[in-house]
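Given below, in the form of structure tokens, are the structures.
Two complexes, one shared chain (chain A), two partners (chain B, chain C).
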Partner chain A sequence: MEKILDKKQIDGWIAALTAKSQDGWEVHAPMLEEGIWTYQPASGAVRLDHPNTNQSPKGFAFPQREIFFSFEQIKGEAPRLTQVLPKEQRHAVFGVRPCDGRGVPRMDKVFTDHVEDPYYNARRKNVAYVGLACNKPPSPNCFCLSVGGSPVSTDGLDVQLTDLGDRYFVKAITETGKALMTAGGKLFTDPSAADQKQVKQVHTDAVAHPQRKINDPDGAPAKLRASFNSPLWEEMARACIGCGICTFLCPTCHCFDINDEVQSKAPLKGQRVRTWDNCQFPDFTMHSSGHNPRENTGARLRQRVNHKFQYFHENFGMHQCTGCGRCISGCPVGIDIVAVVNKVTEHAG
Partner chain B sequence: MIDIKDIRDTARDMLTKGEARAVIGYRRGSRGMLAEPAFITNLEQADELVWDPTCFHNLSLYLVEDRKFLAHLRKTANAPIAIVAKGCDARSIVVLMQEHYFKREDVYIIGVSCEGTGVVDERKLAPLLNGAHATSAAFDGDDFVFTTAEGEKRLPAREVMADRCLECRNPFPKEHNAVFGEDKTGRQLAEPFAALTRFEAQGNSARWDIWSRHFDRCIRCFACRSVCPMCYCDECVVDSISFPVTAETTAEDKANRIRWIERSAVRSENITYLMTRAMHLAGRCTDCGECERACPVNVPIRLLNNKMEREAREKFGYEPGASIGGSSLVASFLDSDPGDFIR
Partner chain C sequence: MPDNIYLPQLARVSSIKEEVAGERSIKTFRVEPVDGKLFDHQCGQCAMLSIFGRGESMISIASSPLIREYKQFSIMRVGRVSSAFHELEVGDVIGLRGPYGNSFPVDDWRGKNLYFIGGGCGLAPIWPVITTAVAQRANFKNVTVFYGGRTSRDIMYRAELEKLRESVDVHLSIDRMEEGWDGYCGFVPAAVMDKDPLPDNAIAITCGPPIMIKFVIQNLNKLGFKDEQIYTTIENKMKCGIGKCGRCNVGKDYVCVKGPVYSWAVLKNLPEEY
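This part shows the complex of A and B:
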């Protein structure tokens, strides 16, 4: 399904989606708040003129905090556990950039391929991604073309919007996407031959825009494997401060921690929660013996880079990194995954 | 104006004579105009050193890292580390020495004066470049000069400088071994604590609303703590392992450890984290502003630290990092203290 939507009609489309008589979608769109772009519940005045959001949309299916169950123990009685599954609510996320779209199937692999994570999947089945093609790279650190992506990629998206000036070219990618568009009814019109021609040209130009470049992405898995003991890791991680910006902003980082949050000791009452964790934190790999197998920033940088460009590739046949560039732009001390991969692979010979 | 050649020559000289085992400074990074920390150990690398308005980083953080690394290896250093330090950075080094984190002879301070300006705030710069990306930045008197694909862009530094620099009165590193740039101590580009004063002019409930939104937005990446040279504790209340675990630590000890702050990035925990950190910086924070710059979600962390700094100044006439021999705020008292309980 391919349609044209006048930009002035996007709020109308969103209103149609959120109307209870329809499917009752909750719509989210990028809004500028306190100088950063974040996904906010949207009811109107949506203008998809954001570069990319500060954080990826991964939190819609994998929130930073997820309650698994609540527990309670009354003296003399058996402990009571109550599973807490996410609320059944459909979310349509607007303005998802192609790199973040490509993050979705990668997260799906992790949480559905071997073990089906009930919490992730309960959310995931209720999220639709309405993507926005990048007519030009929104960040100076974009490198989607280096990792098998493209500024016009539709991977992971349900609908793809392309900005044609005063209107969007709207393409359904999945059945969910078709349903979203159908909900908009007459707001959509059929594309003319000129529209078809223009969208083709916009996509061609988008791909031609220069981006940052990973020189040998295909050779990276083997070269990284051969460079595990390279002294370059420590050298390149010399400035790393061990914060969590790179992985918390990443559209595909998915490591988590599980803790019991006790609300009351007597009677014992609380919740078991999952929170994002971070391989760059020094205590991430701390054993209970006190031994830490990744004891310096070099080992931790290697873990992050190898996971993206070697381990994930070995497990799933694709790079985990989607080239959004957030870890590069966000790093307070200039650690740059493009420069790191290039340097290690060049030295691997 | 500072000639970068002077800094490079000093670095080379220190390394040649073996008077420093490394020089920590700034070099051009791989991301547009931004400088990044440089760890120079050989003479050729000294040519990479730069000095421009993107030299934000408070490099004294790496003196702390070095000290921790040496302690881990049970080694002592054979020569000092030389470090490029702005006014605020040099005051951090002084605080660290006041707290006996390392000795004066362990560090060779290559002071750089910010003179009449300071460092750029990328968030202020972005809208003025209309979507263009700068590939270089340079000082030029009271201006900053940026290079973009569309050509050169000259902007008055005051329009794009970080608040911390506008409010800074001591851009000259008083404590130094060598120093470059003019001494403009006492300069006043904005009222001290101007941002804090502006914020506090709002009513209590407005301030609470604003802070609530900020606290809700915090993702607890801990960049503010990680980038801070004063946050050097081996054990921190916010970590999941907030006490040293050894082979002798029992399972019971570990299970019953006190958890001051849950990992969940929710308002109550985020408040506890950010407020605890602010309290621990009272009389120690030298307003390098790195916490606020590093924050990926724009929490104005500096306001919290400034509040403590102003309290210390107004109540006790205390200025962090003023002198190595001076006493620290929380480890000293005055006979003239207004509180009866202390005497």
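This part shows the complex of A and C:
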């Protein structure tokens, strides 16, 4: 399904999706707040003119903090556990850039491979991603083309919007996407031959824009494997302060911690909670004996880079990085994953 | 596997035994289901144990899969959760989920000589294999257990080891001589060399402190054991048990899924991140 939507009608489309008579979607779109683009509940005046959001939209299926279950125990009795599964609420996320769209199938691999994660699944099945093609790279650190992506990729998306000036070219990618567009009814019109021609040109130009470049992405898994003991890791990670912003902002970083939070000791009341965790933190892997298999910043940088460009590729046949560039832009000490991969692979064997 | 992998089953502590006292004390817990039955497991697998309000910890299952009434865990007091375990009393209720990880290929070892080489609390992960081999004694040829503690007070499962002598060879060792000790005196790798085990038709299973494992394997190689005849287990910090939380990987594989049991032929080719 391919349609044209006048930009002035986007709020009307969102209103139609939100209406109770429809499926009751909760729509989120990028909003600029104190200089930071974040996904906010859309309440009119949606203008998809953001570069990319500060954080990726991974939190819609994998929130930063979520409760697994609550526990309650009166002394001398068995504990009572109450499962807390996510609310059945559908979320339509607007303005998702192609790199973040490509993060979605990668997260799906992690949370559905081997054993399904019930919390991720419950949220994921209720999220639809309405993507926005990048007519030009929104960040100087974009490198989606190096990792098998593209500024016009539709991977992971349900709908793709392409900005044609005063209107969007709207393409349904999935059945869910079709349903979202159908909800907009007559707001959508059929594309003319000129629209079709223009969207093709915009896409061709988008791909032609220069970006940052990983020189040998296909050779990276083998070269990284050969470079495990390279002294470069420690050298390149020397400045790292272990803040973890790189993984916090990443659309595919999925590592998490599980902890008990106690509200009351007697009677015991609390919750088991999952929160995002971070491979750049020393205690991420520290045994209770004090032994740490990744005891310095070099080993931890290697883990982040190898996970994305070697281990994930060996397990699933694709890089875990989608080239959004957030970890580069956000790093307070200038650690640059493109430069790191290039340097290590150039020095390999 | 249950629908919600993260939701533990409740289990009641039916017995507690102090194996080793002191700063790094070890206690053995047996737990039984509060309702229904516990999961089945295989030799070498682990379970995630909960004390609600304190958290979870991955512990190897120390009882034989042949025992279905209870699961046994021997826990050294080292961290937040293990310390909370040491405060438990019989009758207390804990959480249990699992089993996790791979297992020792015990069925492939029928008709072979088995050498178990343990040190410290490293006896617990191989205890299910030892007790299974003893229960199915006719399936195996010679079974020999080497086990050492720093002192005689650090020897765990002392009474059980004495009973094992009825059906298998048991060689106990301590690091430094003590009065009244009639076993070997010295480190475990040397205790193995002292008995000169033959590699023919044999499998060696070793578990203990990393430094002990390293020298045990070196010595086994010297004795002519091939890498694929040597098995060990590794541990890493774990949170989920199902290869998602991202911390226990060695290379591309998560120890909670592809481990904890490795043949040395496989493990020696993996990055040393454990």
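To be clear about the criterion, the second predicted complex is superposed on the first by the 348 of 349 C-alpha atoms of A that agree within 3 Å, B and C clash if a C-alpha of one lies under 4 Å from a C-alpha of the other, contacts with A are read in each partner's own complex, and residues count from 1 in each chain.
The rule we apply is simple: a contact is a pair of C-beta atoms (placed from the backbone, for glycine too) under 8 Å apart; a residue touches a chain by one contact, two chains touch by 3 or more.
All of these numbers come straight from a predicted model, not from anything done at the bench.
Residue contacts after overlaying the shared chain place A:G165 against neither chain B nor chain C. Contact with chain C, but none with chain B, is seen for A:V110 once the two complexes are overlaid on the shared chain.
With both structures placed on the common chain, the touch criterion links A:A78 to chain C but leaves chain B unconnected.
By the touch criterion defined above, A:N259 reaches both chain B and chain C.
Look at A:E34: by the touch rule set out above, it reaches chain B but stays clear of chain C.
Once the two complexes are laid over each other on the shared chain, residue contacts for A:I328 go to chain B alone; chain C is not touched. By the document's definition of touching, neither partner reaches A:G317: not chain B, not chain C. In the overlay built on the shared chain, the residue A:P210 is in contact with neither chain B nor chain C. Touch criterion met: A:S288 reaches chain B and chain C at once.
Residues common to the contacts of chain A with chain B and with chain C across the two structures: 257, 259, 286, 288-289. Taken together, the chain B residues at the contact with chain A in this complex read 29-32, 34-37, 39, 57, 61-62, 123, 133, 213-214, 217, 219-223, 225-227, 239-241, 244-247, 249, 251, 254, 262-266, 290, 293-294, 296-298.
Residues 68-69, 71, 73, 78-79, 81, 83, 85, 110-111, 113-119, 228, 254-260, 262, 265, 268, 270, 272, 274, 277, 279, 284-289, 291, 293-294, 299, 303, 307, 310-312, 314-315 of chain A touch chain C in their complex. Contacts from chain A toward chain B in the complex involve residues 33-36, 38, 54-55, 64-65, 140-141, 238-239, 241-245, 248-249, 257, 259, 261, 273, 275, 278, 281, 283, 286, 288-290, 328-330, 332-334, 336, 338-339.
Here chain C touches chain A in the complex through residues 1, 3-8, 10, 12, 34, 52-57, 78-80, 82, 93, 95, 210, 235-237, 239-240, 242-252, 257, 271-274, going by the rule given at the top.
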